[in-house]
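Chain nomenclature is as follows: A, B, C, D and E, assigned in order of appearance, with residue numbering initiated at 1 for each chain independently.
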Amino acid sequence: MTTQVLNSRVNKTMNKTKLSFLILLLVGLVAPFAIYPVFLMKLLCFALFACAFNLMLGYGGLLSFGHAAFLATGGYITGHTIMQWGLTPELGVLAGTLCSAGMGFIFGKLAIRRQGIYFAMITLALSQLVFFLYVQTPFTGGENGLQGIPRGELFGLFSLEGNLPMYYFVLAVFVIGFAVIYRTIHSPFGQILKAIRENEPRAVSLGYDVDKFKLVAFVISAALAGLAGSTKSLVFQLASLTDAHWHMSGEVILMTLLGGVGTIFGPIVGAATVVTLQNYLSQGPLASWVPVILGLIFVICVLLFRSGIVGEIQKFMKKNFN
Amino acid sequence: MSQDFVLETQGLIKEFKGFTAVDDVNLQVQRGHIHALIGPNGAGKTTCFNLLTKFLTPTHGKILFNGTDITRQSPTDIAKMGMVRSFQISAVFPHLSVLDNVRIALQRKLGTSFHFWKSERSLDVLNDRAMALLEEVDLAKWADTVTVEMPYGRKRALELATTLALEPELMLLDEPTQGMGHEDVERVMALIKKVSVGRTILMVEHNLHVVSSLSDRITVLQRGAVLTEGPYEEVSRNPQVREAYMGSEAA
Amino acid sequence: MAELLGFPPQVLFGQLLIGLINGSFYALLSLGLAIIFGLLNIINFAHGAQYMLGAFVAWLGLKFLGVNYWVSLILAPVVVAAIGIAIEKTMLRRLYKEDHLYGLLLTFGLALIIEGSFIHFFGVSGQPFSAPELLQGGNNLGFMFLPTYRAWIIVASLIICFGTWYMIERTKLGAYLRAGTENPQLLQAFGINVPLLITLTYGYGVALAAFAGVLAAPIYSVSPVMGSNLLIVVFAVVVIGGMGSIFGAIVTGLLMGLIEGLTKVFYPEASTTVIFLVMIIVLLIRPAGLFGKEA
Amino acid sequence: DISDNEVRIGYLADMSGTYSALAGPGGLEAAKMAIEDFGGKVNGKKITIVSADDQNKPDIGANKVRQWIDVNNVDMVAGMVSSAVTIAVNKVVEAKDKVSLVSGSASSSITNQFCTPNSVHYVYDTYALAHGTGEAVVKEGGDSWFFLTADYAFGHAMEADVTEVVKESGGKIVGGVRHPLATNDFSSFILQAQASGAKIVGLANAGADTTNSLKTAKEFGVVQAGQKIAGLLIFLNDVHSLGLETTQGLQLTTGYYWDRTAETRAWSKRYFDRTGKMPTMVQAGIYSSVTHYLDAIKAKNSDKASDVMAQMRETPINDFFAQNGRIREDGRMVHDMYLAEVKKPSESTGEWDLYKILRTIPADKAFRPLSESKCKLVAGR
Amino acid sequence: MSSDMKKDIEQLRIADLHAFYGESHILHGIDMKVNRGELVTLLGRNGSGRSTTLKSIMNMVGKRTGSIMVNGNETVGMPAHQIPHLGVGFCPEERGIFASLNVEENLMLPPTVRSGGMTLDEIYEMFPNLYERRMSPGTRLSGGEQQMLAMARILRTGANLLLLDEITEGLAPVIVQTLGEVLLKLKDKGLTIVLVEQNFRFAAPLADRHYLMEHGSIVEEIASNELEEKMDLLNTYLGV
């Protein structure tokens, strides 16, 4: 895909990346004073989700159509452990993340040997099974979901009930997740991942156990998706089937593509765009047109700027500034 | 006695539904030799080759590498054991720099390939070795180019360099000079000669010029079975071989 | 009367028949998807919407122009195919060189647009559409009451499916299709008008969807969302059959209908999920699907 | 006094999904009517309304309401269809101490285990439907039932309620299937229903699932073959879109029917002129509930939740929608319900002439008695 | 029919041909002319643009400018699928055998563009391997067998201008010899052949003329009788 070229450039632009990330971070720190924190938190959660997904698609070259399962699992486990076992938020989130990682491992074990569309479909199928499981098992509260999950006290000390403290907690989580992804991409492991995507048979003949690498990447991606879900469930104090539905898997693809597959900031931008749109269109006259508008964005994005917002910007920069 | 045979096959058979592509082949590749596999089209060379490199699994028969049975092992495993294949179509990582290509190959021995928490700078220790390898195939000055941008012959050279990076005991080359202009053919021949020192090489090749000037020993396949075996002079004199494969060309 | 797994055999038999009927819808739809994927290398996410369009064109035709069912059965597919061709010529065309993820996303976008606008204008609640006189009523087969219309569905769809299959696997045109699937540029270099071939193929695939839509109109309510639920199931069918395998798509379609039918008896809760379970199992055993060729 | 000198109402409902016809845009229209009829002002303070589509997703609904309250200072939320959304929203509303008037949701758990002091369940619930329809049907000899149940909490609740009723009134359950939400083909289930030999096929599902069940039942000649269908959650719009041919003879329980009295006809006529459709019980209920809320504010000259809720509880509801309706401490608004039967095409005189009211189910019979309540607010619990 | 009578009929004329793959400009103004019944070769290093030249004639490149006359018809701006019907047969360097078609279907695929093509029997006679495996899927053939198939395929169509790219690639010497003989036969039948070859030893005796390519332009035209004195030139360009 067009992204390969971009990635090969990532190394050179590493410092640029660091800089822009610092800027983003500053924005993130002051944002809640200008914008409704809960909205920002939602945005951050989805941004993290999209980044996790992008690790798989953009850098692992594998399109997963089942990431919703991880998002939901994170949420349910966090909700359950906090409500039933009275865990503190950070532990609840940890639990959610670990479970998603575990599920990621199972998904990976089953799917990783398949390529392209088959990989996508197996992951989709598995996530459908998970969805079914969550509809059937009582602990998820069926279509009512887990209601009124307490945000609780961080480390049993600082209350997260207020929107501001909660926001900074979410921000911190996001930064950690993002850092993990960034490091993964720029690590010895990331190198091999790149090589595999470039030319898999060759990687094999060089003695690399390709499947293991993909699996690890998948588990990391799943874990981070779970992290996003766990955090989300704390923010909204609710874990519901919406997150497990395949539409969610579709949505994260949209976000990533819109922002720019295989670009480090793309998913964030994409998530921001989509979440904002949904939020502001869903009330007022255009409400019933939301799907149509999203559809239009899809079409335009695919036809006109295929490498996504960030991707196109990078291209533009490349053309005009070096 | 099978000591000085790096690679050995015993009664190797490969059948594709109702059709025997490789028929009871007993191949013995001597350590340090450049061993060529030739034969008419459809004789079963590539199939044979794919069996040896585990891209196909034999219907019957055994494959021994240094005396150990590797018939059931995975491509990854045998690569680790020091038996490395180089591809017919040039096998490089097109969008990585030439240096990175070699580094990927070297990286494995570092044992940090799964460390997703380490910085990739931790790989810079490999650069010297990588450059050395590039020197060996005189690609040093290309080190920073993105691989796609290199001409065909160079890519083959790079591929060889990456293969060497694994310090293979046995190299398997499938038509190494295929689709090359004469210049490149000469260069690659020189390369093969150079790297064959202290190594064993098994190659499939149609270019008689290459075969005659490189190989110590030749196995001729026909219809999946071994027709004859021996040094070039001997083989090329064999009337059957001429009739089935060389035609009047060899002389 | 001997019981089979706790069910009188005739009940099971009825269920299997019903399964077959639903299966023939899957077959029609997955056939269209498979053809489109084969030649255009595009995963047509708009397929569900186009199925819905078929039903709606028939419904609108009846409501406003008094076009009867039999005419719609031909007309609706043609109309929808025309729309499809327009889409292909204006949009899909630009994507063939790209990763097929993009085709998927474009068609997904189109599906959202089409369904969204229809919801806006017609709402989601189903529109009534009655079967033609000729096919109303039904007859009692002893083990079950079979509405004539359901019988007609099986007949119609099987004819279309196997007709299509024959066309592709056994005729010269089919050979062109298969060749074009692999290497359109070269086929072009042999003097075959590939762009036209592609356009028509997409049109045909879409027409199949629309045809299924018209068939469905009298038994499922005609509603803008009628396709979206069906879509991923049909995908699963195509994948189980083996991407691009025509025969696979048809047979698997019917097969999944049966399996789903049985599930509806023994574990109804799972009836919409079972297909995915099957898919996982199949892909683990046969990585390229039941009838797909290993890469 | 009235917070930031404005009464702000948020209308939350499924605006485009399966349930959009029973509340949706029509409900919003009804709410607006209520405000207009109130003169757009209460004690000189402007009344404004915002609306949103919850897509039947609890997280979207809850999040929207949270934002309404945090950012737009919304005082009251009306509408609300999907029970899941309602329960989630009520949690938020309670936490933020605002008011919610639930008109669209069915689940009786809203005023039972999930009850809150800040919400009113206004129009109907599963208990009422189950008892209304269930009892009537069994009385008329429909004593063996087979259920088509939507496989989620609402469906299960419905089935459970009806089962209880049927057993109490001496009937028995011979079987049932639990079908996934939004199943596209019901023929298999109908076949099982026929094979079961039950006299009554009870539909414990909603929206598209119900209409599809009915279509298929018609197609397979369920009724001709001598079985009867009991639609447990069927709204005027469903019957209207399915047509009498398919639905005739269906018995159902409703909280409102436009053609019942002069008042209902008068109001419904006005609604019809605005929307081109006759109101469902939910849409009528929305008008009634909003009006009742505004009256309470007017009386107390305050939009503080506790004041308003108290006032609303004290004053009985007497309008075109309900006679002597009253709001119990568990938030349940109890009023008369009606057992209706869908007319035969021959009996119908117009597009919207769909029901004949068989009898009235008095308020005290219609809803779950407090004695059985699990609600934390009910005295003695 | 004596071939010198047709010699001066112009089968192919290329003037100032530029070809592009997306951004990259590959051919820089090619001029060449082939008469009916002639066999000319394009020689050059890897990447010198020989295949691209053939592909441009078939309109298989990204973009092309200049003029390409086939049998007196301008083909620049002509859609790709019409060009073959002017009597052009193309055998691509990557063979392009169709996996989903069996050997025979592969053979029968290209529509006949003129009368007088070889019959199936004649082809099978020429390539017995193909007959043996005629029912097996095209790509199941060995490298060489596929090469034969690719060649045979266009002989059926009756095209009278053949563009052959590296047809001896991966063929056993014996087959190469037979192929040489085939080409001569075809030449005698009055077919025009443009041959891209690495294997100079193979091409030299067959060709009437050679075009020498370098970096996407023609640097030298050599008639077969001048080969001797231009040998050193070839050496510098090809290292023969």
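Criterion: contacts are C-beta pairs under 8 Å (C-beta built on N, C-alpha and C of every residue); 3 or more make two chains touch, one makes a residue touch a chain.
Worth saying up front: this structure is predicted, and the values here are computed from it rather than measured.
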Set of chains whose contacts include both chain E and chain B: none
Steps needed, at fewest, to go from chain C to chain E via touching chains: 1
Farthest chain relative to chain E (centres taken as mean CA coordinates): D
Contact-richer chain pair [A-D vs C-D]: C-D
Where chain A and chain D are represented by their mean Cα positions, the distance between them in whole Å: 38
Chain centre separation (chain B, chain C; CA means) in Å: 48
Geometric centre distance via CA averages, chain D-chain C, whole Å: 37
CA centroid of chain A to CA centroid of chain C, Å: 33
Interface hub residues of chain A, defined as touching at least two other chains: 135, 288, 290-291
Chain C: positions in contact with at least two other chains: 119-120, 269-270, 273
For chain B, residues that touch 2 or more chains besides their own: none
Listing of all chain pairs that touch each other, if any do: A-B, A-C, A-D, B-E, C-D, C-E
Chain C-facing residues of chain E, complex: 58, 60, 79-85, 90, 92, 96, 98-101, 105, 108-111, 113, 157
Of chain E, residues touching chain B in the complex: 44-47, 93, 129, 133, 136, 140-145, 147-148, 166, 169-177, 198, 200, 238-240
Footprint of chain D on chain A - complex, ascending: 36, 38-39, 42, 135, 141-145, 147-148, 163, 236-238, 240, 242-243, 282-284, 287-288, 290-291
Touching residues (chain side chain C, partner chain A) in the complex: 43, 91, 94-95, 98-102, 105-106, 108-117, 119-120, 232, 235-236, 239, 243, 269-270, 273, 276-277, 279-280, 283-284, 287-289, 295
Chain A - residues contacting chain C, complex: 1-2, 63, 110, 113-115, 117-118, 121-122, 124-126, 128-129, 131-132, 135-136, 246, 250, 253-254, 257, 288-292, 294-299, 301-303, 306
